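These notes concern the structure reproduced below.
Chains here go by letter, A, B, C and D, matching the order in which they are written, and residues are numbered from 1 within each.
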Amino acid sequence: MRIPAFLPLPMTAATAILQMICPDQPGLVRELSGWVAANGGNIVHADHHSDPGAGLFLSRIEWQLEGFGLPREAIAPAAASLAERLGGEFRVTFSDCHPPVAIFVSKQDHCLLDLLWRVRTGELPMRVPLVIANHPDLAPIAEEFGARFVHVPIRADIREQAEARHLELLAEHGIELVILAKYMQVLTPAFLAAFDSPDAFHRVINIHHSFLPAFKGAQPYHRAWERGVKLIGATAHYVTEELDGGPIIAQSTVSVSHRDEVEDLIRKGRDTERLALARAVRLHLKRQVMVYRGRTAVFA
Amino acid sequence: MRIPAFLPLPMTAATAILQMICPDQPGLVRELSGWVAANGGNIVHADHHSDPGAGLFLSRIEWQLEGFGLPREAIAPAAASLAERLGGEFRVTFSDCHPPVAIFVSKQDHCLLDLLWRVRTGELPMRVPLVIANHPDLAPIAEEFGARFVHVPIRADIREQAEARHLELLAEHGIELVILAKYMQVLTPAFLAAFDSPDAFHRVINIHHSFLPAFKGAQPYHRAWERGVKLIGATAHYVTEELDGGPIIAQSTVSVSHRDEVEDLIRKGRDTERLALARAVRLHLKRQVMVYRGRTAVFA
Amino acid sequence: MRIPAFLPLPMTAATAILQMICPDQPGLVRELSGWVAANGGNIVHADHHSDPGAGLFLSRIEWQLEGFGLPREAIAPAAASLAERLGGEFRVTFSDCHPPVAIFVSKQDHCLLDLLWRVRTGELPMRVPLVIANHPDLAPIAEEFGARFVHVPIRADIREQAEARHLELLAEHGIELVILAKYMQVLTPAFLAAFDSPDAFHRVINIHHSFLPAFKGAQPYHRAWERGVKLIGATAHYVTEELDGGPIIAQSTVSVSHRDEVEDLIRKGRDTERLALARAVRLHLKRQVMVYRGRTAVFA
Amino acid sequence: MRIPAFLPLPMTAATAILQMICPDQPGLVRELSGWVAANGGNIVHADHHSDPGAGLFLSRIEWQLEGFGLPREAIAPAAASLAERLGGEFRVTFSDCHPPVAIFVSKQDHCLLDLLWRVRTGELPMRVPLVIANHPDLAPIAEEFGARFVHVPIRADIREQAEARHLELLAEHGIELVILAKYMQVLTPAFLAAFDSPDAFHRVINIHHSFLPAFKGAQPYHRAWERGVKLIGATAHYVTEELDGGPIIAQSTVSVSHRDEVEDLIRKGRDTERLALARAVRLHLKRQVMVYRGRTAVFA
């Protein structure tokens, strides 16, 4: 076989990404790739997954925009027709469109700082115009990275007003994704009903400081220490109405020993939390995650 | 500093190991190491742990028998005096005494075969004169490695007789440690009361096929698959009356993805089970594990 | 979207697997999936990779044989036409055809025993009719698992005759894959020229007991100990003429500390060797590995 | 055994730490612990290691200062007498004395930012009064965290003057430890002779972006990509005259696949570099590392 000469493509060439989930049937890979090819698209990545138990087919196709026959604004409508015919759901995004993201925080800074730093280095293709917090402590970090910081206090008796304010702010900034970066508050079903898409493409990511489903709920490090585990973990997941029960995107663990006190677990946990959250957010932004049956397919 | 010439010691030189747990107080390291030194012992390893919350001190000291002033049979009595004075518990063992161990199995062979192979290679300093099973399937493996295989069926209505038979067999072979290598049966409190030491030195190790405390109980792989986790695990722990609640010795995890079906989790799990169990058994046999407050100190 | 009722497919349904590597060009995913679909095939997995630097496209498509329009014997010829047109190389295999594999060993038993056990449990879809060894020690293991054991001594002065004997045995058993399971001998270029396919589909897998490219060559554990590393590793790779330089399939590592002597590294290494080798062999047998530019694409 | 009531000690209680390395002989654990006990010290941690090959004994003992019979300033002189008698080297430090540390950087910010953030959270018991850089880019980060930033350009023809300036700055700030946080420059033997302690207690830590000894020298990620490895790593080590050859303190790895380009390796590498470096610096500051025979004992 002839191997062509070494011709590195420009890495920054913009691509389109089609995600599709629909009932499984023969010919779907051909159908989707054929649609791209018929319009002159050069596929860079194509990933598919069939869930035989549910009879579902999930697909992610990424192709170069340069040379593609349809203009950008015509791609989503065309995909919509395709999805309708297949009885599925879809999403079209472009690799050079960095969506506006809001980060919710409380007092702990490690996840916020880590995310903002990764945005600055170009690891995370997103913009962060807005940081919402129930405590004022982290304003300086947000401001240093050019994000608007809004302090919205939360108490049981004012939760409704607070979430109304959240939704207002999210709308004002056209936010597409909310990241709970150690926010330590539960979002209400009403908030999720108003902001989230209840389908394959959820829009709220949380980091929980345990290896779910172990240690759901409050104070997981204290309970992990009490139980005497030899590994602790962190779980990044989409938020649903069930507390700590949403689809898992990424998990990571780190070893602990009897020499580690609770504060050591908390310290070690900060690293594993940052890694799991950053990984999940990147997978989400690269459109490598789809949700079905309460679980995720991760095309990585 | 003068570095002495390279003089590798014989690795097989026998050592004595003293494990002690007692209320914490100043001077304990000196007390224990002083006792060894006063009898001319050369310490090879010395590990200590203080639990300030419980006011406990745990120690493991290993020294060369060659040149030690006390004969073997006098060491445990001398340590007993020491322990009595300190208000603690102790155990004395010798590195060249390989204790007789019984392995309980059901139908799955991977942990049994792995343990027996590790005994043959010298990784696990133990003898396995006895394999007890509630199904006859694994008799050939036991016999190939020279262990007596006894089939003791278990049903709810004959559990009492079965466990009486177990205790009889354990006594007959002078068994010091029981390993549940995917035995898939719960031991009764009566059995534990008869065989286990309810203190720092437990005598029954189990491998559970999940990352405890996640997925306690039956069918952990099915439930892990259903939950859509991204890591599965295995936990080796001492058995206590609380199901899957005993002190954890070792845990390990392995990545899974949406492409993995339940049978893939089971397949991957076999590897992580073998590793966690083998690690725990070796730590136990090397006397590197002590239990306090429902947790283990592992001096590794 | 309507989710179909839960209808688990039989997991044992036979599939066909097409692997293709060819110069990249637009439309290849459609071309390949279209060919499957045109014959009524239902694709179970489809993985593709483009190497823009080399202008290469690699693909692996797996579809159900049931209902496929071509009989088995017609699939490879049809794929050959496709490959010729695309200027590429290809391989067609069937998931229910377990190829005959030969394992080469020396004196260490852990990799041999592990592989044979995994074959017996169904983890590795292969048959092992032949074990070749330059020492007689492992005959009992081979025989226990029903493999023919042939002792072919190796010395510098008889290497040529020995390899002639190897090739004779491989031909006699129709061997498709050779696994060097701690064989500790170098294969000559002449042997590789006679047995290996010098293309995307190599046929000899070796396990090297270091994290390549660290510690190429002899005695890696001794050198790792001497260097004072904190992690040791194992590397499973295809064998090429360059010693320890072939395409890497799988690597794994394990922590070590200053307490570990060389023999501890060897002991811990046995586990990581077994895991890396078993993983690589399974990936190879599942046809999830392809070689290009001295490296592997692993569709896992 | 009576378990004392739960009485958590204040975690912030200051401790003294004695590190000692000397020729091995019977009685050393007693000797050292006895000296602490004789002065009324309550030992919190005691770790020892014997290297039978070298005939060396390494020890780290940590005890509470409260109630200890000697005033702080008398402890080092007393330990010096002990060390002299035993023919060894020693170091005495106090847990509440945070040494002044200088960080050397070039243009990459991730390790610098990570270290400074960890200092602020209290994870790293050190102060950073000084950041030295051969490029001006990172001045804002240093200044945000209150460190003096000094830009000292480096070229082959002015290396001597630059290092003279370095030494001047280190002296001015009383620096005890230098961390090369992606400094990308080689320190000369003359610099090391002037600043480092050529013994068990080195004073310069570097992070190298490969799994040493693989990919010593320049551009390790490019070479790792070229080789097609499946894991990349990072190594934190003490700097000696031999390039990338100093004693290893910590190593970490992360998986890569054929989908990862060089820039992905660099991106993933930033995480593993940060973790390995932070771990090594913390171990150093906690006085858990000692060097002997070109390797480290890490009491963790």
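Here is the rule we use: a residue touches a chain if its C-beta (ideal position, glycine included) is under 8 Å from a C-beta of that chain, and two chains touch if they have at least 3 such contacts.
Quantities reported herein were computed from a predicted structural model and do not represent experimental measurements.
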Open item on the list: Between A-D and A-B, which chain pair shares more contacting C-beta pairs?
Closed with: A-B
TODO: Specify the chain most distant from chain C by Cα centroid.
DONE: D
Open item on the list: How many angstrom lie between the centres of chain A and chain D, each centre taken as the mean Cα position?
Closed with: 36
Open item on the list: Just the number, please: Cα centre separation of chain A and chain B in whole Å.
Closed with: 42
Task: Residues within chain D bordering two or more other chains - done: 45, 259, 293
Task: chain C contact footprint on chain B (complex, rising order) - done: 11, 45, 109-110, 113, 117, 121, 123, 144, 259, 261, 263, 267, 270-271, 275, 278, 300
TODO: Give every residue of chain C touching chain D within the complex, in rising order.
DONE: 49, 211-215, 227-231, 233, 247-253, 257-259, 293-298
Task: Interfacial residue positions of chain B with respect to chain D in the complex - done: 1-9, 21-31, 33-34, 36-38, 40-48, 50, 52-56, 61, 67, 87-89, 199, 293
